[in-house]
């Protein structure tokens, strides 16, 4: 499997090339270079996947974990070292495919979307960097390598969110994204430190002896790592950066903030799953509860948002939370007994990457067409953008969990896992799933149905009330629609992939079977949500909508403001950290620490002034001092003797 | 009461009183004259110790030389030399306090130190002995200080003339 | 002829040549030739050192030589290097080299500037090659004093005040240090000044160690920006000219950490073990406090100076942990911080040279105006906040891993506290980047400014390459340092 | 009867400190000089007394007194020359007028 | 009656020969031959240094009243060399209108003081010592008052001579009691009777004050600033270096030869005076504006540092002390030479503000001044660093750790005020800086010698080793 190194190397090279020489290249060349290198990497990934899964299972019924490369990168003392290498396991191969596929789609899509933008080359360079980092993350052979790439991913995300660096919101968002995830990474790092010290290694499979003696330390380490993951995967309350991250170019949102990077946290937990399940099941449950709450929270907030990308962002948070919950509800490593969640989570990760990527890319196409993110500028677009409309609808159906689209299958598995954990959890998650269907279709209707903003404007223009002619929405160019179509196709088909054959909690093959009760319930619930959305939003200003708005006015406003979480964070950072800690410390440093030194200097100076009159110029005074000095010294000596 | 003691007491009283007036008198000439009394008193003491040559030198050099120098200087300087009485009371008190402390300490120490002062013989010093001591090169001979003294005097003469002469 | 001597001889020759140079061209020629030669020499030394080590040379110090200097006082001109010193020499050469280019267009009195600059670098080199207490101290002070003129004459802002403060504080530190050195010398029986021999004797009475360890440590700690003796650093850096800031933060502050390790702890092991906790607390404060202070600063150089306080605090923090990994990390951090901060100060200087302000509130959108410098700044910033692939990351990680491996609650807690600095660092770095580089340029004057000139580009590129090289391939440096650290540590840990 | 050495020493001490007192309080350069003469004179008495009472076999104190007188004369000569010079420069020999050099 | 002994005192004889030649020349020369006076004096002084160094054997003369050994000879040579520097520096001054006709007196007085110092160093008897001290002070008073048409010079002279008389009276009074309690004035005899009795303590402190006055230690220092400021600059330089150096060395000898049994007492005394000297002088120096006055306080503080070498009373202390004196001499002379040059340019007293912007106009002179000040402050690689270090070492080895620490803290203050001048020269703006000028050639020679000393004395360790091989202690 030596060629796997190329999967990493190609994006890296493309990054270096574009980063260093990009400014001298024409846009087309840069785009082509980035896209082609990624296409090659994608091809290699597929080849790798084929090779890996076709190689068959080992004697114990699992896929072998291959490590084609592993070298010591930074020795840390006698035993520990940070290694760099490539680890192939079912989930990493799966991730390779997800990442390269979505990334390739985004690369192609961006050719059209970003056309003519200032910094086009830079954009592709950053995309390559991100892809490289993300690939490095998933193939990490040890937790520290993962951390290394984890940070790189964070930085790429930062750079891409802040791509429109002249836009103040983009700057703020990029900063926020980086700092919040960095904050979470702190815990990750501490977790790693604990893990490394007690396990004596950073690899994912620590020696048995250390595991036995670790006691309560391992769960603590794993919990800390989860917090790191929660930061990246936008779990409540560390989710606040993700909605803001939508300030970046939409393809970037699709790639990073929907399909790949944000699931890194899920991937982390999945990576460490054997340890979680074996030594820290209680931590898994914490994950489950945290995830469940996040899922609900994000879903509710999504219902009230008006910016379509924000809706998608919250939907992403909610869906990732689903994955987390799914991992959290595992109670054993056997997929048949308590371990189903693992497979479900990975499956959902896979399908979600596809359909959420699709949604974002679709949203991108819409934004491209209407030059706005706000729902008020949309409406009735189905006439103008048929391809986008259809693909978007497919994605919505998938996310709502309507068969036969892929979302149905993965979500179903999750719900099954939840029900088997506790019925309460199952019902809760089902409700959230229903909510998902509701807000997604709300979004769908708001964009594609209802009154067309364009037509209203046109009417106004014609009646002379508006001075300039509105921009007519148009279907996106082929470079943008092609990825939509491809992803839509995948979304339709992915549900039928026998995912359990490849990935399962104990590595053995697991055949997915639909639990009819759960499936029926969830589909019905989803349909209910869709129906409600249809009633409320298919036409503007329906009575039901007004009633609901009136009845739930308070909660809706709160949800629109994301339950004021941003304000809380702003309060903590601006008011407490900046104004109450940093400022006083800076003041303390200047006035107290430095001031005391200045005071010392001043004291010496004034002592100098003080002793000056001593030198009065009168020799009699001098001689009085002379004799007094003698006498004092004599008395001191006599006293001492 | 021994005659020596009476003479000593007389000398001491004269010396101390003249010294006191010499440092307090507001007339500079009077002060100089009183200094002369002290110097004569000192010579008297030397005679009492039978150090006749020393006494003579005291009278000639000190009384005859130095005081005359003073008088010259005073005359040269003229009326600017009128001594103003002590102005600053603070310095006056400080000076007095320091001097008194010093004196008390010294007298206390003198009284509490047993000098081996029992070898006094009223024999005096032979001139020859003195001459030999001044000219000899062995231990307890002082040719070297004597020569050094000559350089000192020469240098001081040169210096004093250089400074005092008018161009 | 010992190769190490060249590190002192070349600057000495440069001083003479500079003294004789008649115009700017000659001055520059001397500087470029000299600093290139030094750089080449240190690269050669590094390579040669590594090959000797791999050939099985296991003596703690290589290239050792000793000439009796002040024989009655056992003062020798002893030289020798171990991995740590080699790394430091390399660092110094890089900074001196790039600093030369960073002050390419410095005016007025270019010749004099380079004279003092070279004297300073001679002190630095001498310090790193010496193994004799007296000689080290001498070079140490030699390196400090030119700072006064360099800042005072060629600086900006409140330069006189800052220069004076810096000099006096550092000299105050060296007063402590001198006490410590005398204590070490006499404590060990006044037979030798060679640090290796003193370490081998290891006979300083414990009660003396308890007195002189704090003195020595604080003495060096002042230069290493140990809280609360760091306040010279913000003012000094803020007012210094570019290359001086580079050299000062890049190399001179390392003298502090190096000295703490090589002298204070190495020679006074017992006190180091018993009293480390006090200084660990202080350094932990430094780390967090410096970072927090940086957040609310508005002057670019102040931000970076406080950042230096934080990072140098980490150096001292790490060596006090007294594990091999942590100490290796400390040295790595010195290297890394040296390069990064030099880069930072170079960029700040270049930006300042154009905008004539360092107030972040008055700059905006520099990315559009001077993309090269802005990109350089972003890279420097990312390196500073510990992005993998740059040197900061490996250094910090090594430090944290090493510090964490001390099995003791106190050490663990302070390590975790120190770890928080990586978040705080991100905050202040991104704040600045977001503030001054991004956005639309607002100041009309600024819109007319130009991007970097060739010498500036050269400086920046050299440093970026070094930072990245250290960050991407840390293993060889880490090996180089590791053995040296091990030798020193084996003396500290009984 | 032999006068006890202490009496002489005390006498010289009193003279010495009267000189000191004068030196501290007089306001005129010549008076200052007179006070120093008192002090030097007292010292000479001391030497003579110690020689006579403690070490009569050698003439150390005696000769010291002798040289002391000489040195006093030399000092006085130089001092008076300078005083005259001061007078020429500032037309006063009052201590108060010597205030150019201070602080 | 072995008068031939006089010729064994080679330094003194050489000195007196020079003295006589110059005296004669002064009497006989006239017209253009007067112009050769200064070169002649310089050459003779140089020869004198050489002759002084020629006999380094150890011997005593005149029944133990005079002692000579290699160290003493070396010290004499140092003093002679210092005088040579002073003579070099004096050239322009001696050529000026008011001094030209009394050039001869200058040499006579200068050499007289040098004779006095020679006697101070060699004396092993208090009478000779006393006369030496007087010989070193009285002509110096004349020198201080040399510029007799300058008010300041006269004022400085009278302050100097009166304080000097006061202090010599004190010292004599002390010596008289020493004589009374020990029964002798020979060092070798006295040491056997030194017991540390209260009277001896009293006497010792009185004596110490006399020398402390010459060294200008606090609290016996108050004359220093006034006299230094008022005296002609050459004389100030001479006072601050040569006179002080001889006194310190003498003090050291007396302490170890006579007061050895009272070591605890005198160490306490020195301890107190060191702390007082360094601290108070430093505080005073900060606020000074006239450079000469400033240098006076600097020299007081330096005296404190020198005393650090004395306090131990050991051979290493003497080495450190002599080395310090040598280094201090070259640095201080350099500073005064620069001050004198500027004085001649601006025709007035040099204030710190005068130096503002000096670097622009006179870079080389400024550099010399900088080096000298750095050396005084103890900055490597200049010699001052080495000398300070060794002094600290010797005090430390004698066990005075806290004292060393106090002194070290004070070095920071001293650095501050030295840097103030550096700052003025390099950094302060000035509308009208001192115009560019060329130094007097003799001063240039002096400066070259001094700078060579400043740079080389520390680096070339043989000076120190040489001193160490001949030093002695308790």
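Should a chain be cited, it is by its letter among A, B, C, D and E, assigned in written order, with residues numbered from 1 in that chain.
One rule holds in what follows: a contact is a pair of C-beta atoms (placed from the backbone, for glycine too) under 8 Å apart; a residue touches a chain by one contact, two chains touch by 3 or more.
The model shown is predicted, which means the values in this text are computed figures rather than measured ones.
Looking at the partners of subunit A and subunit C together, the chains they share are E.
Touching subunit A and subunit B together: D, E.
By C-beta contact pairs, the most connected chain pair is B-D.
Ranked by distance of CA centroids from subunit B, the top chain is A.
Closest to the protein's overall CA centre, chain by chain, comes C. Of all the chains, the one whose CA centre sits at the greatest distance from that of subunit E is A. Averaged Cα coordinates give subunit B a centre that lies 70 Å from the centre of subunit C. Computed centre separation for the pair subunit C/subunit D is 64 angstrom, with centres defined by C-alpha atoms. Subunit B and subunit E have Cα centroids separated by 31 Å.
Rounded to whole angstrom, the centroid-to-centroid distance between subunit C and subunit E, based on C-alpha atoms, equals 42 Å. The multi-chain contact residues of subunit D, meaning those touching 2 or more other chains, are 9, 16, 19-20, 23-26, 32-33, 50, 54-55, 58, 60, 63, 67, 71, 74-75, 78, 81-83, 85, 98, 100-103.
Counting only residues that touch two or more partner chains, subunit E has 127, 131, 134, 138, 141-142, 145, 148, 157, 159, 162, 166, 180, 183, 198, 202, 225-226, 287, 416. Within subunit C, the positions touching two or more other chains are listed as 168. Inter-chain contacts occur between A-B, A-C, A-D, A-E, B-D, B-E, C-E, D-E. Of all residues in subunit E, only 159, 162-163, 166-167, 170, 196, 198, 201-202, 205-206, 208-209, 213, 218-220, 222-223, 225-226, 265, 268-269, 272-273, 280, 283-287, 413, 416 touch subunit A in the complex they form. Residues 2, 4-5, 8, 12, 15-16, 19-20, 22-24, 28, 31-32, 35, 38-39, 42, 45-46, 48-51, 54, 57-58, 61-62, 65-66, 69-70, 72-74, 76-77, 80-87, 91-92, 94-96, 98-100, 102-103, 106-107, 110-111, 115-121, 123, 125, 129-130, 133-134, 140, 142, 145, 149, 152-153, 156-157, 159-161, 163-164 of subunit B are the ones that touch subunit D when the two sit in their complex. Residues 1-3, 5-6, 16, 61-66, 101-102, 105, 108-109, 112-113, 115-116, 119, 125, 127-128, 131-132, 134-135, 138-139, 141-143, 145-146, 148, 157, 180-181, 183, 186, 197-199, 202 of subunit E are the ones touching subunit B in the complex. Interface residues of subunit D facing subunit E in the complex, by the touch rule stated above, are 9, 16, 19, 23, 29, 32-33, 36, 39-40, 42-43, 46-47, 50-51, 54-55, 58, 60-61, 63-64, 67-68, 71, 74-75, 78-79, 81-83, 85-86, 88-90, 98, 100-103. Against subunit A, in their complex, subunit B makes its touches with residues 91, 94-95, 98-99, 101-102, 105.
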